[in-house]
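Lettered A, B, C, D and E in written order, each chain numbered from 1.
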Amino acid sequence: MDDATISHLLITFGVLAGLLLVAPGLIWLERRLLALWQDRYGPNRAGPFGLLVVLADTLKLFFKEDWIPPFADKKVFVLAPAIVVITVLLSFVVIPFAPGIIVADMNIGLLFFLAMSSMGAYSIILGGWSSNNKYALLGSMRGAAQLISYEVFMGLSLMGVVLMTGSFSLIDIVEAQRYQWFIVPQFLGFVIFLIAGIAETHRLPFDIPEAESELIAGFHSEYSGMKFGLFFVGEYIGIMLISSMVTVLFLGGWYGPSFLPPLAWFIIKMFGFIFFFILLRASLPRPRYDQLMEFGWKILLPLSLLNLVVTGGIILWMNTH
Amino acid sequence: MNRSDLYSLTPLLILSSAAILNFFSISIKRNHKVIFAITVLSLIGDFIFLTSYSLYHQQHIDPLLVVDGFGIFNIGLILLTTLVVALMSYAYFEQREERKEEYYILLILAALGACIMVISKHFVSFFLGLEVLSVSLYSLIAYLRTRERSDEAGIKYLILAAFSSAFLLFGMSLIYATTGKMDFGGIGYYLTTTQDIPLIMMAGLGMLIVGAGFKLGVVPFHMWTPDVYEGAPTPVTAFIATVSKGGMIALLVRFFNAINGYQYESFTNLFTVLSIASMFVGNILALRQTNLKRILAYSSISHIGYLLVAFLSGGSMGAQATTFYLVAYFITTLGAFGIIATLSDQHRDAELIDDYRGLLWRRPLTAVAFSAMLLSLAGIPLTAGFIAKFYVITAGIGTQHWLLVFCLVVNSVIGLYYYIKIIAVMFDQKLQIKSAKELHPLVYVISSVTIAVLAVFLFWLGVSPEGMLSLIDDVI
Amino acid sequence: MILMILILVLLFGGIAAGFSGRMNTMLPRWISVGAIAINLFISLWMAAQPNTNSSPWLLQLKLNWIPSFGISFHLALDGISLLMIILTFFLGIIAVAISWNEIHFRVGFFHFNLLWVLAGITGVFLTMDLFLFYFFWEVMLIPMYFLIGIWGHENRQYAAYKFFIFTQASGLLMLMSIIALYFVHGQATDQYTFNYFDLLGTSMNKQTAQWIMLGFLAAFVVKLPVIPFHTWLPDAHTEAPTAGSLILAGLLLKTGAYGLIRFILPLFPEQSAAIAPVAMALGVTGIVYGAVQAYGQTDLKRLIAYSSVSHMGFVMLGVFALTEIALQGVVMQMITHGISTGALFIIAGLLYERIRTRDVTQMGGFWKSIPVASVITLIFAMASLGLPGLGNFVAEFLTLIGSWSANKTMTLIATIGIVFATAYSLRIMQKVFLGKSRLEHHQSLADLTARERLILLPLVIVIILLGVHPQPAIDLAKDGLQKTLNREFQAPKEPKIINPNYQTLTVPATEKGVHHE
Amino acid sequence: MNAAIADQALMLAGILFVLGLISVLIRRNIIFMLISVEIMLNAAGLAFIAAGARWGQPDGQVMFVFILTMAAAEVSVGLALILQIYHQLKTLDSDAADKMHG
Amino acid sequence: MLGVSYILGQRHKERASHEPYEGGILSTGSARIRFSSQFYLVAMLFVIFDVETIFLFSWAIAFKELGWYGYAGMVVFLILLVVVLIYEWRAGALDFGPDGQKILKAYKKLTAKQK
């Protein structure tokens, strides 16, 4: 094993460990923040500031009954939560945290990310369908519809970035933002991507597939124990993923004033968005399902197309003049 | 792409624009008449535009397309056929479907696909054209949603067409893997410079033929034909029988001429077997049918067999015979299905032979026109079908394909039997009073005039084919 | 141009008759009679012109039709054709007249078909382009099919099918041969044409010629018909309406015979000589078999139909005897058989109109109630058995003389066949007109009406005329037959072409370059 | 990519194609038939990519995109038809969809 | 993780363990229910538009080389997309859930009749 391989392995496991450690932490963070904004107590019993609640939750999940409903399609039932985590984790492979800190620098990084996030739809569909439960099924249908719809706009909204960079490689994209973050010329794209990103992670306010008040818990009604845990963790890693993507694509990735190291900038920006996500949860009501879908198809899609056309035109015009 | 390329592609652009215009029109307000008018006018306009080309027009739009006389002729044929189909669709759909507007969009798109096919000289354009055609056809076939057989026919066609597309594609990819070329000319060049064709290439060509055979509905890939013919709305059936198959034939002619496929005995043998099998199976199975659409389906199988005789003759003679046969077959088939469409009522198509009992006495002109169409299919003089069959036999004998010609003759006689049977039913004196609730007679005027024009063409080609012959001679 | 007019009059007459049938049932009849009468008049006038030509060709017309294939609209008329078209129009008028009271269903369409059949037949007799020949050959089938299929008797559908498919199948074989000949000639001379005269001298190897000839032969022997291809004939003749039977027996069969003389002999002289013994044997078999079968029939029309088979055997025998006299006999046979058999069918039809049956066993003793009809029947029955003084005698006699020099055994057997003919002819007379009356209502059996007499009388006159003075007919056909046999058949010399697309001409008198006997 | 790998990919495509073919022939559920056909199409697409890689041309990939598009269109129409059939027949057994005979 | 949980997890069996959880209410009927075909429609829309984005992707990556010419092509393509979108919109494929206006209209009509 040479140095390159070792450092590569280190990065890989570093990223993996980081994610798996941070994700549960996010749960605590979210609850604390929600408590803060909504003026109530968050977790505060276990450990200082209730920090150990994460550990307690995890332990609890491990010791819960590994319940597979007898009426469920067993293989698929087990497979579904695994898919969530795997796809989300795989997406992180292409994210450049800082120069040199990337698991795999693919020249089609962006496409890989899109592909992986599409895969997420499978877990919802399979999970809901295999549960053999009406609510679960409905939730999964809704979720899938929402996911694939927003998938379209997500891809389209990124095209502006691709146009400006001329590459699908995320490193190239970050480097293209050395002087100007894309959030400025691509503000529309940024907004659409953000909305689509929230929908993709089915976070509040777009948590239609789960919608406790309507569907109990949506597609994962029948899940419990660690399998539920996986869905849960997957969701939080998803938040991180979207936050990192926004950072990479629109906020110049690791670039920032040089008093902090690049990785730090990256993490700051990412957490900024994570806070934003939690803030959304704290402040916005859930739209109706049909409103959500219509909003996507009737407003976001035309907007993203418009964004594409205008961006292309302007770039070309600037090139020729 | 430059201006002359665009000029050469204008017919296709007009078609596409017509489709988009229809989309817009539907978005604004659904109106059958408006859509119908747009469709018909654009088809007519397109055809008129087409006549502005010189017959010796030759424009290579590299690497995909070539607009030459043969292509222009075939596009013209497709446009006119589509026009006729559209004309006969009005009455047919007016009384059946609530949402009849999209039909015309699909029809135009299907025609567009066929047009691309006949001018393609590259696998990509071939495939694109074919798929535009096929995908439109799936929906067209299943257009009458409330009828059970419609869906069944649609899904059958879909699965088999996709199946054959897979064969076609795999064959293409094998050829591409061996030659590194996807344009017909490049493949032809490869073949001329290679002594032994690699096995994988042969396999590729074989799969290509299988795929094409499915679309053409030659035996043994014919299973879909009768069901689809029966299940599809009658105008669509007419479209499948003509444009869909004709486009494929035109493409095959172009492809085989480009790669000079006639010099390979294995291919000619394969096609000979396909041809003979199609003739016999088609005709023999047609004998025991009682459903007219199925009869015509089986007869179309055998007609493709006849066409392959001309196709196999190769050379310009073969190409001309094929083209002329296509023209005659188009006219005849359109006429026949047009009549079925006009006789159909709201609930079902007039597809049983019994529906035609005594037709000669109920609607003499219709019956005479129908008889003419059937006789043309049988290849009886005074009709276009006769000259076409004569041409095919001439081409076959000219290239010493005695076995094929002999089979053709035998099959003509078998075919005659069931064509005559239908005619016999029509002049059966037992009158059958049909109590069909009919629409406003004006609705039928368009269809009737169309059929009359077709019948006139049929006789005109049968009596004085010289004009068409020299036209075909010029374009090939 | 006259030749074209002959066909066009019939075609347009047919269309006019078809449409007028919707207005009035009498109109189509008159239109048909008029159209055919015009043609008959023209052809008789042509026959009356003295032929001063050295060439057998009296008239010709050549228009470009499908030049891409070397197909022209080429009509020509010689003595044989002239005889045949006169017969066609003569029987055509009779056919219209006989249907006057018989056909009430869709009169217009009936006459349309009738005239189109005649047009097809006329075309066959006139055309000098092989493609055009095939074209007309097929054109006459469809209307004939309708005639049988719509207005025929009980079993009409079956008969019509059988007729159509037999003739169509054999016709397609002929088409193959025609095209093969076209290519053989084209490859040899690089001149691709369907012109009869150009194809005449085509040189080809024996094998090819053999096959090509068989194709032609197939069409003609089925049409003629020759045993064993005759099975369509009894059905078709029996089931057809009277006019249909008349045209079938009188004209359609003659197209087969005409084809043998016009195409087989000149195009394939050596091959015809080679198969002559077989062909003659088939002919003779036909004579005997037809006669025997005829004797055994109880259905009157079927009986007459089989007698046709027998008579057509003579044609086969005569043609392949390959002598001029025999051919003269054949031409006479074609005419006289057309008239006599036609007349017999008419009588059968008249009887059927009266007693609604064709079963001989249910008839008998009609002589008393319908003497005129009986006498006329007697005349034609005698004609059929070859009584001297009637046309058929001349025909059969010439045929037998002609074939005697070619093949004595065959001739002998053929002569025996005549004896059988006597048997069945007399049987008709005996069963139907003599003996005991079997039906109750025979008393009320009406004799021939004036119209019916008017129809049958010309037939009687012609058959007697041909029996006692056949010379004009023989003279007309002579020249063409001689040339046919001597392989001196040549195209009429064409004058300077004025307009290549449209040239019509009558052959100018006395061409020096043409050989003359 | 060198020719050997391209050949292997081609081989894989061939295997996939055959699997799809067999599956179309033995499956009776229409949806599975559709899926099998899709497998065949994708096998062809894979073969194109392999072939394109072998010659170092992008044409193979272009073709794959087209195949993808067409497959998508086909699936859309196919699903719609299957829905319709399910509404009418309450089954997706392809043997049930044989109202037409002859 | 799943494996660990399987080993550590407790087991129990109770009366309602074997029924689907529907908020405590006893479930009726199978979960294989028919639901709005709108979902299929979404699937198809997705298939159409997602595939179209593939073309946009490939254009975007080669955007600079293609220049105005490619841009024009893509604009035409986008116009097609938009036309299709408008069509879908008008055809009601984008209307998820019931349309309040329509219901109101229908209700008014109904009440008007009753009066």
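Everything below uses one rule, namely that a residue touches a chain if its C-beta (ideal position, glycine included) is under 8 Å from a C-beta of that chain, and two chains touch if they have at least 3 such contacts.
Here's who's who by UniProt: A = NADH-quinone oxidoreductase subunit H; B = NADH-quinone oxidoreductase subunit N; C = NADH-quinone oxidoreductase subunit M; D = NADH-quinone oxidoreductase subunit K; E = NADH-quinone oxidoreductase subunit.
Keep in mind the model is a prediction, meaning the values are calculated, not measured.
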Chains touching both subunit C and subunit E, listed by label: B
Set of chains adjacent to subunit C and to subunit D: B
Chain separated most widely from subunit A, comparing mean CA positions: C
Chain of greatest Cα-centre distance to subunit E: C
Innermost chain, taking as reference the mean of every protein Cα atom displayed: B
Where subunit B and subunit C are represented by their mean Cα positions, the distance between them in whole Å: 43
Averaged-CA centre spacing for the pair subunit C and subunit A, given as whole angstrom: 94
Chain centre separation (subunit A, subunit E; CA means) in Å: 20
Inter-chain centre distance, subunit B versus subunit D - centres from mean C-alpha coordinates, in Å: 26
Residue numbers of subunit C (touch at least two other chains): none
In subunit D, residues with contacts to at least two other chains: 73
Junction residues of subunit B - those touching two or more other chains: none
Chain-to-chain touches, reported pairwise for every pair that qualifies: A-E, B-C, B-D, B-E, D-E
Subunit A to subunit E touching residues, read off their complex: 61-67, 69-71, 78, 81-82, 111, 131-138, 141, 144-145, 148-149, 151-152, 155-156, 159, 162-163, 166-168, 216, 221-222, 225-227, 229-230, 288-291, 293-294, 297-298, 301-302, 305, 308-309, 312-313, 315-316, 319-320
Residues of subunit B touching subunit C in the complex: 360-361, 364, 375, 380-382, 386-387, 390, 393-394, 397-398, 405-406, 409-410, 412-413, 416-417, 420, 424, 427, 429, 464-466, 469-470, 473
Subunit D residues touching subunit E - in the complex, by the definition given at the top: 65, 68-69, 72-73, 75-76, 79-80, 83
Complex contacts: residues of subunit E adjacent to subunit A: 1-2, 4-6, 8-12, 17-18, 20-23, 27, 29, 31-33, 35, 38-39, 42-43, 45-46, 49-50, 53, 56-57, 60-61, 63-64, 67-68, 71, 74-75, 78, 81-82, 85, 88-89, 94-98
Complex contacts: residues of subunit B adjacent to subunit D: 123-124, 127-128, 131, 135, 138-139, 142, 145, 148-149, 151-156, 158-159, 162-163, 165-167, 169-170, 172-174, 176-177, 180, 182, 226-227, 230-231, 285, 288-289, 291, 294
